[in-house]
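Two complexes are shown next, each including chain A; its partner changes from chain B in the first to chain C in the second.
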Partner chain A sequence: MRRATLALARRSLRNTLRRPQFLAPLVAFPTLFLAVNTGGLSRTTDLPGFPQVHGFFDFQLAAAITQSLLLGGVASGIAVALDIEGGFFDRLVAAPVPRLALVAGRVLATGVLALGQVAWFLALGLIFGAHIEGGVPGALVVFAIGAVAGTGFGAIGVALALRARSASTVQGIFPLVFVILFLSSAFFPRELLSQPAKAVADYNPLSYIAEGLRDPIVSTVSAGPVLYGLLAAAALTVAMAWLAVLALRGRLAND
Partner chain B sequence: MREPRVVWALMRRALNEILRVPGAAIPGVLAPTIFMIGLSGVFGAAAKLRGFPIADDFRTFIIPVGLLQGAGFTGAATGVNLARDIEQGWFDRLLMAPVGRSALLAGTVLSASLRCLLPATALLIVGFALGARWPGLLGLALAIVLISALAAVAACWAVMLALRFRTQQAASLMQIGTFVAVLFTTAYAPKRLLTPWLRDVSELNPVTHVLEGVRQGFIGSVTWGKTWPAFAALLGLTVVFGGFALRSLTRVGR
Partner chain C sequence: MAAIEAHGLEREFKGGLKAVAGIDLAVEPGEVYGFLGPNGAGKTTTVRMLVTLLRPTGGSARVAGFDVAREPAAVRRRIGVALQEAALDNLMTGRELVELQATLHGFAPAKVAGRAAELIERVGLSEAQERRVGTYSGGMRRRLDLAMALIHEPEVLFLDEPTTGLDPTSRFTLWDEVRRLKGEGTTVFLTTQYLEEADQLADRVAIISAGKLVAEDTPAALKADIGHPHLNLTLAHGDYADAARTVVTEFGPLRDPDGEAHVAVELSQGATGIAGVVRALDEAGLVVEALELVEPTLDDVFLAKTGKHLEGADAPVEEAV
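Coming up: the complex of A and B.
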């Protein structure tokens, strides 16, 4: 099981890295969104109720990381759907490979990729003048939450692909990534959100993940937001991995 | 006489896809509405900033952005569908048909102009229901014409990429172009509130003129001064991207 998972994870990573033009959007979209949000709304830090931060760019970094990780999950789903459409998945099912490894390999690869995505945004932040107030320990916390959350988002992508079986349907999920993000405190402080976004944000695990990622960037590491962030990411990963396994079982039963 | 019939047949085929694969089409139709509700829910407080053109009404300000995003998403989806046709071999059969390449391009691209009316309708219905300002019949008609033309331009861009990469995996690249074009404008705030670098970019970006042309009815009245730059920008974009798309198409298989 372990060897098969690692081999499939390596294959997923190799395939992703082999075509950087398809990898680039995972960081390019959030980077552009980061740029346009910062460029268009930097004056909002003057609004009453906005927390004390070094700048709106610093505040938005966690939003960009969260968005990038979600897109990583969508990309992971598209890759699985293409494997299904192309027949590779069926060949894997026919091979003497533990079935769980089919899900675990892809999900693990998405988690590893998440580390690279977090590194990109922290580097970008430092280059463009953000302050990582939590220092090196803070950066490590961001990596930890990012890797766990990225793994969970990968599991969502795999579950969707196994249900939909079509790359274009999984691709259609792309706009929904923004719905989930908009209904969280990823982009703006919870206190300044309008209803109903504010009400939903309180229950959206993405709010806690984004706030966990943000805390070490805009302040010294505080236990509350970081623990909530880690917990939300871990709970999401467990729940979504379970859904992915259920989707796999459903698919195998139908075939 | 055959060419217009081919164009119409390709447009109808694209419309049929909405019914045939609703799972793939529905998110694209709803995306701009989601963006409008999401952006106004998240960044609505920005309209409280001094210098905002319509005080405390970020929703009306952002609706034209949603209309342009709908056009952009539809254009990108056209490219994704073409890439799928290439992958499945249907496009090769189309190329063998006794039809001019320009008719193939026109049918593909004009289908985007029609399809973009779906997300626009959903967005406007929800927007008005939530209390967005009515732009007047002239403002509305102008907005529809401008976004239809922008969808065709976005489709030209996506067709170009579909022919280059020949895989649906290029979808993100198609979307990213339209995404940048629409958002690196005065999308979130008027020019005077943008940071200097974004202000400079928005001045160079021709889509800013299209956005201002669509927005004028929503936040004021329609003027010739804001209308002609929008059409001039679209004409230029059509010539450039239409030319590149046609060039890519004529080179296929030769």
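Coming up: the complex of A and C.
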């Protein structure tokens, strides 16, 4: 199981890196969004009740990371759907591999890729003047939450692909990513959201993930947001991995 | 114990379409078993059930001694599968793909590279092994597919239309490999829509039509079962045709002549009747310009059993590319 999972994860990672048309949007799009948001809305920090931050750019970094990780999940789903459409998935199913490895390999690869995505945005932040207030321990926390959340988003993508079996259908959820993200506190502090957006954000796990990623960037590491962020990411990962396994079982049973 | 056996195997899809409607077959170890039928006859559905990719909705099947529905993992360890269209990952190199397959089949890390190199050399892809599969030709993809299917020396190899769309050279290369596998004692289940392929490679041929087996035997026995060879005669003058027909009827029933022949007669005594026909025509003063002995083909068998010709049956191998 371990060797098969690692081999499939290695293949998934290698293929992602060899598909620039898939890889580039994962960082390019959120980077562009970050630049536009920061440039146009920098005075948002002057709003009464806005948390004390070094700058709006620092605040938005977590949103860009969350957005990038979500897109990583979509890309992962598209890759699985392409495997299904092209018949390669059947080849894997016909091999004497534990069924769980077929899901675990891809999900693990998305988690590893998430480390690279987090590194990109932290490096970008440092280059353009962000302060990682939590220092090295804070950066490590961001990597940890990012990796767990990335794994969870990967599992969502895999579950969707196994249900939909079509890359275009998985690609169709792309706009939904933004809707869910805008209904969280990723781009704006929860305290300043008006109802019903605030109520939705209170129940949206992305809020806790984004806040967990943001805390070590805008302040010293505080237990509350980091713990909630980790818990939300872990809960999402477990729930979505379970859904992915159910989707795989459903697919194999129906075939 | 048969290498592959099926009893009343069925697969019904949603909407009530029964792609496979009760198949019984038994393939002996070391046998090359040809599964012949047109597109949509149920060949691929049968293969997908036998390789555990599709659950039967009726009947049962055992491969290498294990039940495909109840012991799929045991079946997968013992079979090699090369599915239609050579489903490969275009972004990986040939070597990476074969090594991945070796890892998935549980080869120890130290042995993965060696085994992969061995198979890549066997199928003649050593020079192309570091190229991405997306740059491979159809024939190269099929050979790579075969290498992957053989990585663990399977007891039973399933080849689903392995030469469809290939040029003649690639096709003959694959045929040679199938013959070599037979020589090594591997059981091969070969689906094809090419008559010549089944005729050349298979020890026994099963003909499937509309999800049911309509015939099964050795190619020679199947052909012998449906009738005798016939003789096409081209006469020096077309005016002789009526007289010639009268003469040759004593050797067998008349048939519709093929091509440019004027008269065709089925030889009730087989090929040994040729001399008698020629002698009788000579004695009647009818000059024969050309004659051709035509043996029954698997398409004749297909026609006799199903009432229709197999798709592409008339296409010689050189044209079927």
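Here is the rule we go by: the second predicted complex is superposed on the first by the 254 of 255 C-alpha atoms of A that agree within 3 Å, B and C clash if a C-alpha of one lies under 4 Å from a C-alpha of the other, contacts with A are read in each partner's own complex, and residues count from 1 in each chain.
One rule holds for everything that comes next: contacts are C-beta pairs under 8 Å (C-beta built on N, C-alpha and C of every residue); 3 or more make two chains touch, one makes a residue touch a chain.
Because the structure is a prediction, the values reported are computed rather than measured.
Asks: For A:19, using the defined touch cut-off, is the partner it touches chain B, chain C, both, or neither? Pick first, second, both or neither.
Replies: Both partners.
Asks: With the two complexes superposed on chain A, say which partner A:194 touches: chain B (first), chain C (second), both, or neither.
Replies: After superposition on chain A, A:194 lies in contact with chain B alone.
Asks: If you stack the two complexes on chain A, which partner ends up touching A:168: first (chain B), second (chain C), both, or neither?
Replies: first
Asks: Give the label of whichever partner, chain B or chain C, reaches more residues of chain A.
Replies: Partner touching more chain A residues in the overlay: B.
Asks: Quick check for you: in the superposed arrangement, does A:45 touch first (chain B), second (chain C), both or neither?
Replies: neither
Asks: Taking the two structures together, which residues of chain A meet both chain B and chain C?
Replies: Of chain A, residues 19 contact chain B in one complex and chain C in the other.
Asks: Could you list, by residue number, the parts of chain A that touch chain C in their complex?
Replies: Chain A reaches chain C through residues 3-4, 7-8, 11, 14-15, 18-19, 83, 86-88, 90-97, 253, 255.
Asks: Touching residues of chain A toward chain B in the complex: what are they?
Replies: Chain A residues touching chain B: 19, 21-22, 24-26, 28-29, 32-33, 35-44, 46-47, 75, 78, 82, 164, 166-169, 171-176, 178-179, 181-183, 187-188, 192-198.
Asks: Considering the complex alone, what residue numbers of chain C touch chain A?
Replies: So the residues of chain C in touch with chain A come to 51-55, 73, 76-77, 79, 81, 83-85, 87-89, 91-92, 96, 100-101, 103-106, 109, 148.
Asks: Taking the touch rule as given, give the residues of chain B at its contact with chain A in the complex, in rising order.
Replies: For this pair, the touching residues of chain B are 21, 23-28, 30-31, 34-35, 37-46, 48-49, 73, 80-81, 84, 165, 168-173, 175-176, 179-180, 183-184, 187-189, 193-195, 197-198, 201.
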